[in-house]
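Both of the next two complexes hold chain A, though its partner changes from chain B to chain C.
Then we have the complex of A and B:
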């Protein structure tokens, strides 16, 4: 039997990925009564880096040091791209908001105003990114300054992270790239990232670790570790390790499940619950109607049913993996409100014949068409509902994987949409 | 006579408590395997003790409405016992102004009496109409006796008060004792005033005159008012008195008030006598049980043999534990009530007192299905540390030859298990516990092997060396069509059903549900392989 409850709120956010979290953060800090539905576990899979724009133009794969130059050509070339509707300033403003929000949850992010960082990844490559966790910063200096002597540390049993691989790939960039594999006693086969992160919060483990690193101290300036240094107190953990070894240490982001993503998830959840956002984990929107300027939606899980009455809705349900879009045989549909999806006319146009086509595939640019304030529009280019917004990867014209612009688009669209909703209800335009 | 009865019942009550404690001690020896392990590790949590005794915080967490009624009953009854029943030693000494017929005591006595009545009726109502699915006949009537006793006690109290209100003999006694009035000095005026204002029923007909009333009022002020507040504040008894006043003369003639006094007093004594032998004993045992809370991992490991039997008797069979039980679905399918904590605890008591009467196989099967999720311990309003009890019970059952299937699986290699398991595949008709999620591909085919479930699993974190296969690998075994292997993996058998994996899964796969189901299916097979009678009895 399902328990039923009724919830009244100003704003409902559908989706608990990055865009949904930013929207909830903005809405709650504006004092709106906010409800969020979705599954925040997808944040466990993100790298924890915030990109603004890393590559433009797409075809040439030009990597941007200064995202602003690329941004200007992008908005000139593609007037429908979400960035064209906000402008560069808004993007910086939204990142600033996010930085402060995360800082209040105890997560330290850094950015330089008109410059991308080049973050060393577990593959040994450098990824252009705009805002990064403080613990990654020292790794970014490898690409820029003078060649450095770097020690890469990995752990036996921790899969998908190899110090040797990184050292091999970047040996030209550093003067010396040495490697060290640490065997943890009592761990025989697989070492899971969260377990290792828990170990890092134990001072005895740090002692053990620093003893292993110390023999390398004379031929090393920098120590690179996989991004597992502590669950929630990573900067403090790194500082402790630096104090013990006398060497600079940094984290290297790897493939999921990622601890920086988990830290992000925890920080958002902690701060949002402090801001009294009601989070209905794992619930799905089953039905919706619009009456008297209000949406009435039913959200349900296995054993709970909630009827949510709200003035506005932010749709941040993501694309195919998140379940916001669904690909049927012939058409792509939007799953919650069945909104019109901008997409190629026929299925055989979804993909280019060349899988590695530098221009990307048409399906990656499919999504919802919106007006300037990110309200989804119908065929006549008028908003479907006055207070329904769509944000994040769900939007059309936005091949964020190739442009390395995912976080930027999610962040600025969520931020702008919530601001617009807030302005419209404080102007009283809805109650008339 | 009353004093003698009081002393006798006090003696019975106290010796009853001693007898019960002695019995608990004897029962406790049932669990102790050897003298060496008989070390009593006493830990006393004063905060839990105080909070749960006087505020019933645990019941508040479990159910707000029930707490409301229970707390009303508790507070009111406490008030009645201390201020009203024991007034000779408490209120008369403490409060100078105390007199049972003076406000606020008169009013409060009626109010608390009403609250106790409400609580009792709510209890009986709930017993009749609520949680029927969890109740069985043999425990359905537990506690009803004590509640009815309290109900009768309060009712007799109200009847006593109202019969005293209407009583002319009592009035005359009081007049003789506290005044020198007689017919000439205005006794009839006072009678008139009391008839009008205090509802006393007189045999003679008194003429109502305004002059007489005024005189009576003055006399009342002079002699009575200091001890008798306005009768209207005794709102229940007064109403009752009005309703019986028609028959007042006959009742007065038979001195019905003294009869009610005896009944009230005797009921009170029988409540005292019943205290150690009925559900009422929980008022003494719950404080004791709730002081033994928050076992840490260490105390859990150290403290194996000893459990405090007394805390078992703090159980009031409220059934909250069974409502949150992780393996409640097992009960729904097998009908084995020993799966449910509030039932299992009764079986444990039976087992200790009369080992011959216990259904060992059923108890064993029920306890074996417990996943140690700790939900029952967390919710228990009596504060009983149920989880430790289950693990102690498990050990006891093992020493008695009822080895659990968990042990059997862990002692069998996966290869051996798969071979044995296959023999029985398809042999069991209507395998109700296992033909659900794990056989439906859509339940697990969405798994993307992201390993989030593995990373959030407390079991994997706790003993990653022991665990061969992690949750995400169990899902993969299912995708490979190797369900018979999956049922024998360590992960399935050590799962605590904490549901972290299921809550975190980005593809919304019911990981924990699948693991529990695999465990049940494996348990079924293990019983078959060991040729145990459980499968035939229960499933």
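Then we have the complex of A and C:
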């Protein structure tokens, strides 16, 4: 038998992806007694870039320099889009909150007022994004401004990152791109990104690396590296390398496992634990009931059972990868509360035959319908529970992959929902 | 892909066709059009008889029905009612192919299984008809069958054992081409026939377009073979000859694990979802028969997938819940005879000597099936040899098909511990689902280059297991692209387009069966390739 532990709290956050982390951050900052369940390791899948809105309209693939312009059209065209319920200002406010929260955990993010960055990716493409890790910043100047002479550095054994690929793909964008491949002694065939990140935190490795880069310094303005430059001290690592080489350096995001995602995971976990959030990692909700204005939920980890009594719940369980939605052959269901899921009528309408269809796939807009404060609603359009909120990618009407709006929607919905819950209990309205 | 334009008018109307000196002309004895199992089989057969051949293919090997089938060598029992002649052919060919191309074959054996509700008369007639066609069979006690194949349905009522085997059609075509090349033949992929020049009842020149460089060149041969399967009508029309074709699309599903040891056939009149074929570590369930207007741009649909599964689960119930990694479709090329049900059309082949149509050095071979590909090649080659005035016995009946290194990697999911493990510690695995190391990719790249092809992601994937595992290319596509850049195979920005094409090609096979775990994987793929890399945006 597992130990069964009883926990009382104000707010339970279900989900430990990006939206769940923001919700826990906001809740704990407001002084709410917060419990979080979920699995944070999926953060190794996120790029670490915070998008607000990069593309709109989707059909024309219009890339936005100023997210505000697209935001206005999007919210006018789609009154049910989560952004239509918050407005632009709230999105900026939530990003500011997030930036400060992460800064206190030692993770430095940068944003420009009302302007997207264009972040160079490992494919050689540029992605519009709103708020980016400081270590990515200098690469964002490649697309805009004067042509630069860039040295791209890759590592033998890091199979998913090729300096030559990037140099070839962007050759029309920047005038001179050169490449350098570093061979690390004792690396046999495969170099795992986390191992390389650990090496970067070793000063001897940085010395070794800078010696390899130095011969290129006269004909180089900028050095582009895979986003593996340290795990927890990436800004310092990049600064050290810049000091050693005298060259500006930046990181380039690529396919998972993502070090910028792991840095986020570590920063959130560190700061949330300082804020006394109880985090039941690798846990799943097994049952739930609602009585006397409280939810009672059972959460189970491998060796622990917890009975959580809470006044409010934020559902941030994600879509299919996060497990918040489950697709059967016939239909899509919500996995924790079995809430109604807005979805295409039949499976043959889920996907378009073109993977790269500019307008996306109908299934990407499936998800939960909510009221203006992100409480899931039933068929009569009334909240299923007064204090149950749904936030993040679980929400309907948001094809975040095409819109490049994932982090923005997660951040502002989590922030808004927690604020609403806080306001409603502060007003004493729920204790009756 | 539709033929971009057909230049028949140009050749037929312009009597004075002069610019010979300007043209790039390659000479050979026989030009074979179509790189499926038949075309590659003919290339080898004729090479063995001493003729010099060129094989052209508008895409790459097995792009049509040869790549869109079960990979089943029929015992013949499936055709005993609908087409007894084809049944006998299958039975004979099975023994020849097992003997001469054993490295492409897995001798699985097969069951014919009836479940409650199936047509009793068909079941009762089965043994007699097998005997008449001299197809070996054995009645199996239902309880014994369940022991031998535990996945079979509880309500099965009759089981017969036959000699079915599974075959890897990709390996087969690769090895046939490699053998033809070793005897002086040539293979041009992505080269599409644009027209014939016919003088005095003979084709004297074929106009070809390289679909990658768009370069136009000409091949001058003594005889021409149309082995283009479902496209046979179009190729013949370029010589002014009408062949009326009908197209029957069949869709198949690949399970992520091998569910059965033997081929499982439903013991009833052939219809949808009634054959399950094991191959390596997977199994393949099919098919459907849907009349389509054109053999181009076909893909599996959600409705077909659901129909196949609901039929298949009657024989093997776990097909209802198992994971599928991909689906694909092929088009059966059938020469039209006005039948209503495409499955009633003879599955025997159609071989036409176009002397009767006024073109003396042109032969069309189409129809038929994978199991009889060798026989089709033999009969075609017999006519070609007669046209060349050569008396030479077919040798593919007896001479074994050599096994080459570049064919090795197309094996469906051989276990990691076997030949697939990287051979040295400096050999990184690029496709982790299917354990394909960099050295294997290099071998394939070299073989593509030796055949004058262009090593891109799609042509590498065609010749290997790359991208065919559960991740369907999400990760390995990027790793292989990096590898192509690192080894200087790619020296321009177009690799991003290759990546798009490759992912969309895999997508065709995924989009109809995304639920449960597969949808998690496809979501990740979209996160990476659209969310982060923005490949859906035209501007990159």
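Worth pointing out:
By our rule, the second predicted complex is superposed on the first by the 428 of 432 C-alpha atoms of A that agree within 3 Å, B and C clash if a C-alpha of one lies under 4 Å from a C-alpha of the other, contacts with A are read in each partner's own complex, and residues count from 1 in each chain.
Rule of thumb we're sticking to: a residue touches a chain if its C-beta (ideal position, glycine included) is under 8 Å from a C-beta of that chain, and two chains touch if they have at least 3 such contacts.
Please read all numbers here as calculations on a predicted model, not as lab measurements.
In the three-chain model built by superposing on chain A, chain B and chain C fit together without any clash.
Judged by the touch definition given at the top, the superposed model places A:381 against neither chain B nor chain C.
Of the two partner chains placed around the shared chain by superposition, chain B is the only one that A:257 touches, whereas chain C remains out of contact. The angle formed at chain A by the C-alpha centres of chain B and chain C is 100 degrees to the nearest 10. Residue contacts after overlaying the shared chain place A:281 against chain B, while chain C stays out of touching range. When the shared chain is aligned, chain C comes close enough to touch A:355, but chain B does not.
In the superposed model, A:292 makes contact with neither chain B nor chain C. Touch counts on chain A: comparing chain C and chain B, the chain ahead is C. Of the two partner chains placed by the overlay, only chain B lies in contact with A:198; chain C stays clear of it. Touch criterion met: A:45 reaches chain B and chain C at once. In the superposition on chain A, contact of A:186 is made with chain B only, not with chain C.
Annotation: superposed on chain A, chain B and chain C show a minimal Cα-Cα gap of 6 Å. Taken together, the two structures place residues 45, 188-190, 256, 321 of chain A in contact with chain B in one case and with chain C in the other.
Of all residues in chain C, only 299, 301-303, 306, 309, 422, 424-430, 438, 474-475, 478-479, 481-483, 485-486, 488, 490-493, 495-496, 499-500, 503-504, 507-508, 511, 514-516, 519-520, 523-524, 526-540 touch chain A in the complex they form.
Put simply, chain A touches chain B in their complex at residues 39, 41-42, 44-45, 186-195, 198, 256-257, 281-282, 302, 321. Touching chain A in their complex are the following residues of chain B: 450-452, 454-456, 460-461, 464-465, 470, 503-506, 508, 510. Interface of chain A with chain C (complex): residues 45, 47, 49, 54-55, 61, 63, 121-127, 157, 159-162, 164-165, 168-172, 181, 188-190, 253-256, 319-321, 326-329, 346-348, 350-358, 361, 364, 400-402, 404, 406.
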